[in-house]
Structure formats: C-alpha cells, structure tokens
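Look for subunit A in each of the two complexes below; its partner is subunit B in the first and subunit C in the second.
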Partner chain A sequence: MNFFVRTRKKFSKLLRIFLRKKSARIGIYGPPNAGKTTLANRIVRDWTGDAVGPVSEIPHETRRARRKENIIITGLNGNSVTIDIVDTPGVTTKIDYHEFIEYGLEKEEAITRAREATEGVAEAMHWLREDIDGVIYMLDSTLDPFMQVNIMMVGIIESRSLPVIIVANKIDLPDAAPSRIRSAFPQHPVIPISGLEGDNVDQLYEKMTEYFG
Partner chain B sequence: MPHKCTQCGREFKDGSTIILKGCPSCAGKKFLYVKESQQHDDVLKEKSPEELAEESRDEVLEVKPEPARSVQMHDRIESIRILAPGSYELNIEKLAESDERVIRLDTDGKYVLDILSMMKKQKKKK
Partner chain C sequence: MIQGVQIDLISKERLENLTSMEKIHLILDYVMEGNIVVLEKGLDPEEQSRLIEITMLEITPDGFTGIEMETYHSNQGSAGGMGGILKRLFAKTGPDRRLTVIGPANQMKMIKKEKDFMSAWVSSR
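Presenting the complex of A and B:
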C-alpha cells in the first residue's frame, strides 16, 4: 500500500513539473495607454478573481513589469491553457516629462515618472528577450497603427519567432477602426476587443488557447 | 580669380566656401573659374557662361552635394539618449538586442557606458 502511495506522489510531482513547464509566459506589449493593464486585470479577474495593477489615463502608469502566474484559461471549445501573464510598461521611443505636466503632475514628479518609465521600457525589452513565450500586442484602435514603434516591435517579436496575437483595443469608442490594424498586420491574427467593457474578450481567450497552448 | 555661377552669373571671391553648398541666389551647382579681366564679359559682351567656358577652355566646376547621411535608429550605438533631465529617447532595437547600456547625453555628444551591464553579458557567455 505504502508503495502505491509513494509512487502516486512521485507521479503527481512529475506531472506537476511537467505541467509547470507547459505554463506559457505571455507578455502583454504595446505603446503606452493602449490598455495593457486593463486587459491584464480583466484576464486575471476573469480567471482568478485577482487584479494586476492600477490603471490611469496618464501614460506610463505601469513602469515595472508585473506578473501573475498560473492562470488557466479555457476556451469555448473546452481547450485550456496555463499561462503566466506579464503586464509590461508601454514601449515608446520618446519619453518627455512635459507630457505628464499636461496631466497636472508637478515638475519633479513628472521627471521621476519619466525616468521610471525609461527604466520600465528597458525592463520590458529585457523580458521580451529572455523570458517570454508568446506576445499579446495591444493597440489602440482609435489611433494610427503605422507608428514606427509598432512596426519595430512587431518586427522584433517576429525575429524572435514568438507567437503573437494583435489586439485592437478600445472598440467601444466611436472613432475606433480595428480594420486599419487588420490591414497593417495581415500576417498575424487581429482580435478587436474592448478591455474596459469586456466586448469580444471571449474570442481573445479562444485564440489564446489555440495560439499559446 | 573669382568663380561665377553659370546659372545666374553671380560672382564669388576666390576661395569662397559659400559655393560649396551651391549658389545662394539660384541654388545652381555649376561654377566657372573666370579671369579677372574677363569677369564681366558675360554682361558686356552678352556671352553665356557656356560660351565663356569654351573660350577660356576652363572646365565648369560642379559642386556635388554630399549624400545626406541619415542616421537610422539601428545605426546608433546608444540604447538610451538623455536629451534633458526627464526627456529620453529610447532605441528599442538596441534595447531588444542586449542589456548593455550605452547612454548618450545630448550635450556635445557625451556618452556614458554602463560597464556593469556589459560584464553581465560576458559572464553568461562563459
């Protein structure tokens, strides 16, 4: 009897190690204010009831990558995938504290925010190089997708041959044009969603089980 | 001996560096080296610069503009550029390549190298 218990324990331990390895680390990337943290919060809340971090309309609210582990996402077809979600600081090529002053921040606070945001971008790029198995690239569908940062980032992700799902966020806004994003990146699946309202996120979950599984 | 612009006839003193960027009046790129005695021949004898060139057998000097060297993001060596305190320019491609930090201070091309970040990479290679 004892033998059986021991074997079973060993077996389940092995299985756990095996399962942990299967947990894919998914990074949510994109320019500042695209809604990365909002989506991360939604995913985590939908599947674990937790939250990842605060959101704000001032760009660069997330200045350190935040991680939430072992989230099991089940698609409508019953397929499920275990992921670690990494919410990253918005990637941009220019950070200027004047931008934050326009949002009513004090000069010193704005300068600190700019410095932290710069460190955050470097950190996000570090994650992308070493620890990420798949990418959700978020774009604001009310904005022009043909920005240099987006083209460059998608290029970098492609060069690392990571699976990428492009999310056209903010479709609840009247001037959203997710089709523009679709035509900008025809080589990747584009899912239009509203992270805030939760529109169409089921389709995203479906795609995630298919892509990151 | 002065140079003369073959397009508008404007004259420039010998050794003038202005013409290297083209004629400031008409942006012409071709200049003729004229003898001082013949300096005003084009007006007085109503000769075109081409005729003058033929007469004097001097070659028409053409200023070729230097091809504009556009510095692309990926040609730059710095990963972060500090324009002013609180203003940064980030070189995403460099940041994606490695953790090495080369920081450029925009005032008179000063660079700061984070040697520690470069050491880390070597350690990993071993």
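Presenting the complex of A and C:
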C-alpha cells in the first residue's frame, strides 16, 4: 500500500472518530458476475483494511445482502462521505440450478445455491425499495449494457429518485467498451474502472463524495 | 393433438382496472402455465421491482425457472442532455410504459432486440 493510501486511511479513521456523521446506505447493484463483491471488497479494504465477502466465477456467489458500516471515503479534493456499503446478490429474472451444475457443482449443492440465490435477489429488491439511499450500478463493460434487467433496474432506481453512479467494470479486459455503457445511460455519470486491478477507483471515490455526500 | 404455445394479449384498459398486485399475479399465473403474455402497456418501475421479487419466490427446482421479459426502450429514460433533464423533471407519469412481452425463461429466448424491433423464439413445453 503506498504512502498516499495509508495517509488517506488514517485521515478517514480520524474523521470517523471525531465526526460520527450519519451514514448513507449505498447499495452495489447489478447483474450477476459484474464484479459487485470485488468492488465492495476493494472499497472496504481501501478505507478500513477489512473485507466484505468471497468472490467466484460461478454466478450468484453472493446470495445475501452484506453490509459494512461507517466507511469514510475521502476524495482527492478533500471532501468526505460516510457510507454503509451494501453488497447485494446479482439481480436477474431467472435462476436455473442446471446452470450451476455446468460449473461442476453437485445437484444438491446446485439446488441449494439456486434456492439461496432466489431468496437473495428478492431480498435485494426489497432493500432497494425500503433501505437504500444511493446506488452504485455495476456493469461488465465487455457485455451488452442494453439487457432488459439493466434497463429495468436503472428505471426502478430513477423512479425512487436515488442518486446513482454507473460503474463500467472490467476495463482491464481486451473486449471492454465502456463507451457502450455511456451511450446506454447518458443521463447518469459512468465511471470506467477495473475493480480487480484498482484502475481508476480514485475517480470513483471522488464521484462518490460528490454524489452521496 | 396439435402442440403449441398460448399467447395472452392484455389490453391497456384491462390493466388499468387492476391493482399492482393483481397485475403481477395475473402475469405470473399465465406465465407459470407456460403462456406468453403481451401487455399493451408495460408495468411501472415499482411493479417491475415487485414482479422480480415475487418471481424469485415462485422459482422451484425442475419447475418454474423464472421469466424472460422484454420491452421497447423508453425514449424518456435514455434521454440525455438538457432536453432529457427537463423532460424528466416535468414528467408526471414516469418513463414511457410500452408494449411488453413476458414468458417463461425456459421457453422464451430473445434472439434480436433493437430500439424499435424485437424478435423472440418460443418453444412449447
């Protein structure tokens, strides 16, 4: 960890102790395998040194919404925001346990995973209606952003007048095309990042202090 | 007996006379029977959110696997720039609700979707 990050973490800790500001609950939403938990882990690790949950290439690794409280993020401009990060299961309209068997899971394990995933998606939708103050909507920038579930979710978020930042993730991959995401959602800020490599996350932190503060 | 798929087309007038939960249960009842439902006027965002939630609770192993749902893009939702901002600020009815197709996920696959054209492939059970 470089000097700059260490200094920012110490500064955040001091702010947390002295300010005790009310946290904004920020949900990380998006389709399965967009990199939501990877980003949640990065945010929590960068600002508290902790982690949120495991990641996997098998869809629906996150099957319960997980919350990490009182994270103070400071942008390069010196502005800060106190948030609770809520990492949510990938939103979809269909779940078939056979898909998990293709990844090598046993039938019983796949059925359990599917059942937990359906409960998790239902819970995530409930959180969005009741308990979320702002949204980071994650998209895999190697995929078509015009999928119906994305259009629907952004519409739901807009209808609740929640501030939303769209993250075009996986820009480290050769097929990444964040410009497609910008053209799909020109009404919202789109920040291209690599959650895995950490590319451009400072720009995201900057935007979070601006939008969720 | 001839094999086929039933298509239920529901008019705007019929939908307007139903509560949100009635609409969602009507759609899911038809779709879980293996029918394709075409709504003349789509669901509002709150109803879409509840439809996803209730769909998830209806999924069972080797039974219902969820829904495939497609609609035309809303012009309003994707409007950018100052015109788009003003449009959204003064819109009283929310984004356009346009013709919507909903079917069982294991029977209906979208094969082409453009701004003004959708093509779906449907199999019988």
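Here, the second predicted complex is superposed on the first by the 191 of 213 C-alpha atoms of A that agree within 3 Å, B and C clash if a C-alpha of one lies under 4 Å from a C-alpha of the other, contacts with A are read in each partner's own complex, and residues count from 1 in each chain.
FYI, a residue touches a chain if its C-beta (ideal position, glycine included) is under 8 Å from a C-beta of that chain, and two chains touch if they have at least 3 such contacts.
In this text, all values refer to a predicted model and were calculated from it rather than measured experimentally.
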Original post:
Given the superposition on subunit A, are subunit B and subunit C in a clash or a fit?
Top reply: clash
Original post:
So, does A:64 touch the first partner subunit B, the second partner subunit C, both, or neither?
Top reply: neither
Subject >> Greater subunit A contact set [subunit C / subunit B] >> reply: C
Subject >> Touching partner for A:97 - first (subunit B), second (subunit C), both, neither >> reply: both
Original post:
Of the two partner chains, subunit B (first) and subunit C (second), which one does A:118 touch, if any: first, second, both, or neither?
Top reply: both
Original post:
Touch check for A:156: first (subunit B), second (subunit C), both, or neither?
Top reply: both
**OP:** Please indicate which partner A:45 is in contact with in the superposed arrangement: first for subunit B, second for subunit C, both, or neither.
**Re:** neither
**OP:** Could you point to the stretch of subunit B, among 5-13, 41-49, 59-67 or 77-85, that collides with subunit C in the superposition?
**Re:** 77-85
Subject >> Shared contact residues on subunit A - subunit B and subunit C >> reply: 91-97, 111, 114-115, 118, 121-122, 125-126, 128-129, 152, 156
**OP:** Report the residues of subunit A in contact with subunit B in the complex, numbered from low to high.
**Re:** 91-98, 110-111, 114-115, 118, 121-122, 125-126, 128-129, 149, 152-153, 156
**OP:** State the interface residues of subunit C toward subunit A in the complex, per the touch definition above.
**Re:** 44-46, 48-50, 52-57, 59, 61, 65-71, 73-74, 77-81, 84-85, 88, 94-95, 105-106, 110, 113
Original post:
Across the complex, what residues on subunit A touch subunit C?
Top reply: 91-97, 111, 114-115, 118-119, 121-122, 125-126, 128-129, 146, 148, 151-152, 154-156, 158-160, 184-187
Original post:
For the complex, which residues does subunit B have touching subunit A?
Top reply: 73, 79-80, 83, 85-93, 95-99, 101
